[in-house]
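Following are the structures in question.
Each of the next two complexes has subunit A plus one more chain, namely subunit B in the first and subunit C in the second.
Take a look at the complex of A and B:
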């Protein structure tokens, strides 16, 4: 098992490197850099001025070198004038040139400086990520049990009335994108003009204090969307298991229907959806972006929107690293969980 | 224990039972007017071809016909109580407690994600309110009863960690946990190898006796029914056509279908030249296409228009406890000899066309396929094979699962290349030429007929087109017209109407598809045809026809036939020489007579004894092998058969465990791979002895497998 995890970790690191390189290369393309220069220095710079500005900060070096620096495996760019270091990328505003080390990449924990928020990227990500983690936690708590119960109930008697109504519901929720359901929820549950005003239409206050009123709608919006999909998968898996011969064996042993579902069918039926749930994580990030913007919840997705909108390269890169890691870790968990649930795959 | 009160009468009484399945298109009457009774302690066999409704009867008894099935007539009484009138709760108390069922696929009937122990313990906990500890003790007891090694570890295992035979023992143990009054076995051994099957059958018989359980034994194998049952009921197309005591039905049959069934089975005495099998003409009718009157009418030799096809034919008494559903059974002369078939001359066996020397095929497999890593293991699928095959000869290759039969076929065909040794065909060595590297001639010369006709034909291409494609591959003929002409000839050759050229495979029955497969194999005038279990996927009534066809073409074309099979009766019937394989080794090789008579290799001896024979006059020596076939992944040291051999202690000095025995050459080219001394070999007794046959059975005595 240890060996298996180690191998998977190795593959993971490699994948992470490739993905971040792609993102890094994309954000460091010519037009982006030009925008950056004009943004930071002077929006009326001539083309030559832009080039020299970029040159002076090492932006025009080869992509691989830049990537190495950013990672923290290549010493960072410094400019010397007359043997004296006059510029170091490692020096954030406020630190003196002498204090700045020569390596300052992701590995050293310096994730760069956000131009939008005028703060250290790592710090921003910590705060925002934490906010989103809470959101996700609640989403999972609602979505996973909900979806599994829905799927199992629908799948245990294929074609029954219960199955058909539950299946309709799950198809409905998956077919409704978050921006539609979110707007609908706000209109129905959070406006005085139209129905009950139970919940708040904004989740801004939830950053400091999560309450039932301010968090229910964003959580539901994301959860419902993912729930339908997982429920469908669970249902498919459950109906298949229910027609298996060993279920008939159990029935002909005299096991009662609820016992058959709980003791014989459930574990077998959960093997397939478990993977799906884990793979659902990355998709949730999608919904997070929409919902956080919609409900003005200043989390990870909201940060991503801000960073992208303002060409904040360091922040954008930071966000992508976190996303890549989240995706890869969920994959790993899904693989390990699969092995755990399925006794047929046991590692010697 | 909560059981129904004892009942003086029969355990199970099925009376005029009719069961239908309701599909969107139509009602499918799967079982009609079916009656049978099972007395306490009695074993009743239910035989018939696939689709005749055997399993439906069993599920009807369990009242588990699914959403679309329903009992539409008659009654099923268990210990005098009508199962159809019981509530769901009452039924639950009976299922697994008083009536237990065992079915064909042991792996599929065990929950893959639950430990064996838990699955077993569930029964007493459910029905007797036993505590965990009591249930565990009971489980341990039954697992010991079904003779599984290391019961404690067994209880702790998951189903996939057990072999097929062990799984089936667990399923039997589970059925016996609550000492049921009635045990229903639906083809309990079909998925197993013959030697393993023999062990399971013996176990079921012993346990039945020990616990006094009544049994309903469903099988398509007449021989197996003879070995296990007291009475038998023959089914055809949803109806019982004949029932009675085993001896009565086997020796004094009173229904033409039963007779035809016995005649299509190869006999121990007759051979392919003097008495070919008599195939039942035509095909089995689908439930919604049954003819009026007698279902067997269109295929019956004694059919009489006006009598057989008008009105419902009832079951009638044909002696004490013997019934037949035939209007003419008291007019037919049951002792008439079989219409003498044209005796065909034995063909001359020519020069060797295929020579295999010292052939080895090893597979490298990662110890853990899914996660990679770990030490690589070597599976020795074929170990030093040495044989030759001659022109117009049938060489049978027999052995159980995993013995390397199909690997050999693949290497011969060029689908795999040999690890070592040579294969000489004509005058070229082909052991390391994959099929892409072979010349058109070489490809056309060695062709194959596959086991399953259902997935070797392209479903979206007409039959004629597929044969023409084969001809194109073999570069046959100059023009399309040439090839079309040849294709029509090939259809004639395999006795399919020429109109079939334009049909799609799905419009053909299994036997017809297999004929197309045969036509394709012979398209390029193959010199050697490898037939890998060519009839085992077909119904018994069709098997005989396909086998005969294969023989006939071989006779005309002087083809060398390598006939791969696990079915010794058919092998005995049609082959000139037999090669017995075990775990990749050829353990015995000789003419059919040499192999089927002593001296045997100890494995051949056990194999012969394990084959069920549907003949009341045959006396068989009872040799049941211990345990399962070892995995080819870690074969035993020394002789491959030493883990199960009953002669092992005759060999001094533990030689069997140390050294792989050398090939011994006995008289007349007979080869045996065994350490036994000449004296021991000479002292072996025959396993099968055909005794005095009762008059009617003389014509149909036979080794069976349907």
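Take a look at the complex of A and C:
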């Protein structure tokens, strides 16, 4: 087991390195850097001025060197004039050149400086990530029980009326992407055209104060899309369990149907959905970006859109590290959890 | 002119009927579900004369009532369509006008369904689809949009206005507003209202389907080619090849899709020529696929092989080179192919959308194909082929692949839906396609800005996208059920 986890961790680190390198390479492509230079300094710079601006900040060094610097395994770019350091990438606005170390990468805990928000990347991510964590928490609280109930009810009698209706409902929710359900929700529940104006169409105020009116629609929008898929997986797992021999034995012994479902079937039927819920995180991340944009909730997804739209390299890299780590960790948890929950699987 | 009401005169009789049938359908469905908890299933009893009789009981009665209610509901909907087709907006209001605009689609749909029903038993899996209600509904929804795309895109029929023309005074107007300054030959109304740039929402929704239909199925097909070409050898040979390919697939899958889109689908990336390079690699997969397919089949008859392979490769290469070459590209490599032979030019923006959608979809297909191959390669017929001395590629493409077709067809339907969602996502973030493009994602993105005041410009494309994806999902579900039945 320890070896298995260790090997998975190794693959994880390798994957994270590859992915961040891809993001790094894509954000550091020549036209992107040109745009950055023009954004930062002067939008009417000539090509030569752009090149010298980039040279003076170390952007024109080889890609691998830059990546190493960002990771913190290569000393950071400094420019010296007459033996004195006049520019250091390690010195964020507000810190003096002397205080700046020579290594300032991810490994040293320095995630860089956001050019859009003019703030430390780690600080931004902490605030925004916290906002999204609340959103995710509520989504999970709605989605997981909802999906499990739907799936178990549908799966306990395969082919019954209830099963057919609930399965059609779950197909319906998987076919409704967030930007469609979000738009429909706002139009129906938060616009003047249709009657009920129960909820708010934006969740901007939910950053400070989460209320029923401003948080219901975003949470429902994300939860709905993921719910159908988990419900279908739960249903499949439940129908499989319900045909198992030990369930038949219980029936023959005269155990009542609710008892069979609750005491005998449920525990085994919930193993598969657990892994599915864990693997849903990458999709939830997508949903979060869409919903935070649609409802103007300034969380992690909203930050991603801002960073990517303005080619804010450091912030974008920070965002991608977080999302990649979230995806990989949930994959690992789902693998390990599956082994723990299912005693029939043993990994040497 | 007066603004149109939703159903006009036609609604005076049909609206109450629709309400009644809908209520009946909901009530009987609820009743049937509730009763299924308390009553036993249908019971067979033997009469004294030896015949069998089914006793449906209370639950059976409820089910029968539900069936009748459903039929009545569907009949009412058909009545709306037929009446609308006949009377148009003059007698049928907005709904009538829309139904009349869709006339070619209704005729094609009817023809298709009648023909399919008539030859149901001779059409294999496709015919069996018409045994399942869910599958039929799904197929109907999908074909509705396919026909809409064909009639609107190729024959310029359904759309009532030009999707890009702005008419002054029509900004954000509600559905059914008469066109200001309409001349003879102009359609006198904006059926589903105007958007915030005073364009016709209905026409944009209709023409949006052509864009989706052009990109989504084709991109899914390419993703399947890539996934199959890589997944078969990975599953069949295993070993290092499998490890490397699986690692790469997992790498792409671990990438948050939106982040990838934001990084890939930008004008700056198009400038670097990266989409062209990616297209060069990804579009090679179908070429390789068909080459190997033909070669492995006719390997033992060199004359036939050379003929087929030569013809396929000639056509394939011309298509491939015209696809990846771009005369306006900054990179000399993509300008090498003579422009006389360049059959079509795809703009960099569309190409990058296409390439990134293929890129995102192919790892999942790869995983499915690999898993199926791992399973099928242990079968006896594969062992028999190996004993006969068939080449590995023959076994993969002509023994394993045909036997994996069931799950692959089902996944293909689902994946077109997913690709449609991805295209919508791209449009939603304003990536890729030009902002005035009528595709559904971009239109939703335009409409969401004034959503709480004028919801109609966003609702129409949202419902269109929803119905297409729902149709594809239901179709996949029907196909899965019918293919499992035998």
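One rule holds in what follows: the second predicted complex is superposed on the first by the 336 of 348 C-alpha atoms of A that agree within 3 Å, B and C clash if a C-alpha of one lies under 4 Å from a C-alpha of the other, contacts with A are read in each partner's own complex, and residues count from 1 in each chain.
Here is the rule we use: a residue touches a chain if its C-beta (ideal position, glycine included) is under 8 Å from a C-beta of that chain, and two chains touch if they have at least 3 such contacts.
For clarity, every value in this text was computed on a predicted model and none was experimentally measured.
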Between subunit B (first) and subunit C (second), which, if any, makes contact with A:276: first, second, both or neither?
-> neither
Considering only the touch criterion stated at the top, classify A:244 as touching first (subunit B), second (subunit C), both, or neither.
-> first
Would you check which partner chain A:23 touches, where first means subunit B only, second means subunit C only, and both and neither mean what they say?
-> second
Would you mind checking which one, subunit B or subunit C, touches more residues on subunit A?
-> C
Name the contact category of A:3: first (subunit B only), second (subunit C only), both, or neither.
-> first
Considering only the touch criterion stated at the top, classify A:267 as touching first (subunit B), second (subunit C), both, or neither.
-> first
Check subunit A for residues that touch subunit B in one structure and subunit C in the other, and list them.
-> none
Interface residues, subunit A side, partner subunit C - complex | 11, 15, 18-19, 22-23, 26-27, 29-32, 34-35, 157, 160-162, 165, 167-168, 171-172, 174-177, 179-180, 183-184, 186-187, 190-194, 201, 282, 285-286, 289-290, 293-294, 301, 304-305, 308-309, 311, 316, 319-320, 323-324, 327-328, 331
As the complex stands, subunit C meets subunit A at residues 29, 32-33, 36-37, 63, 134, 247, 250-251, 253-259, 262-264, 266, 268-269, 271-272, 274, 417, 421, 424-425, 428-429, 441, 444, 447-448, 451-456, 458-459, 462-463, 465-466, 469-470, 472-474, 477
Residue ranges of subunit B touching subunit A (in the complex, touch as defined) = 62, 64, 67, 92-97, 100-101, 103, 105, 108-114, 122-123, 126-127, 158, 160, 171, 174, 367-368, 370-374
Quick one: which bits of subunit A touch subunit B in the complex? Just the residue numbers, please.
-> 3-4, 7, 159, 244-246, 248-256, 263-264, 267-268, 271, 341-345, 347-348
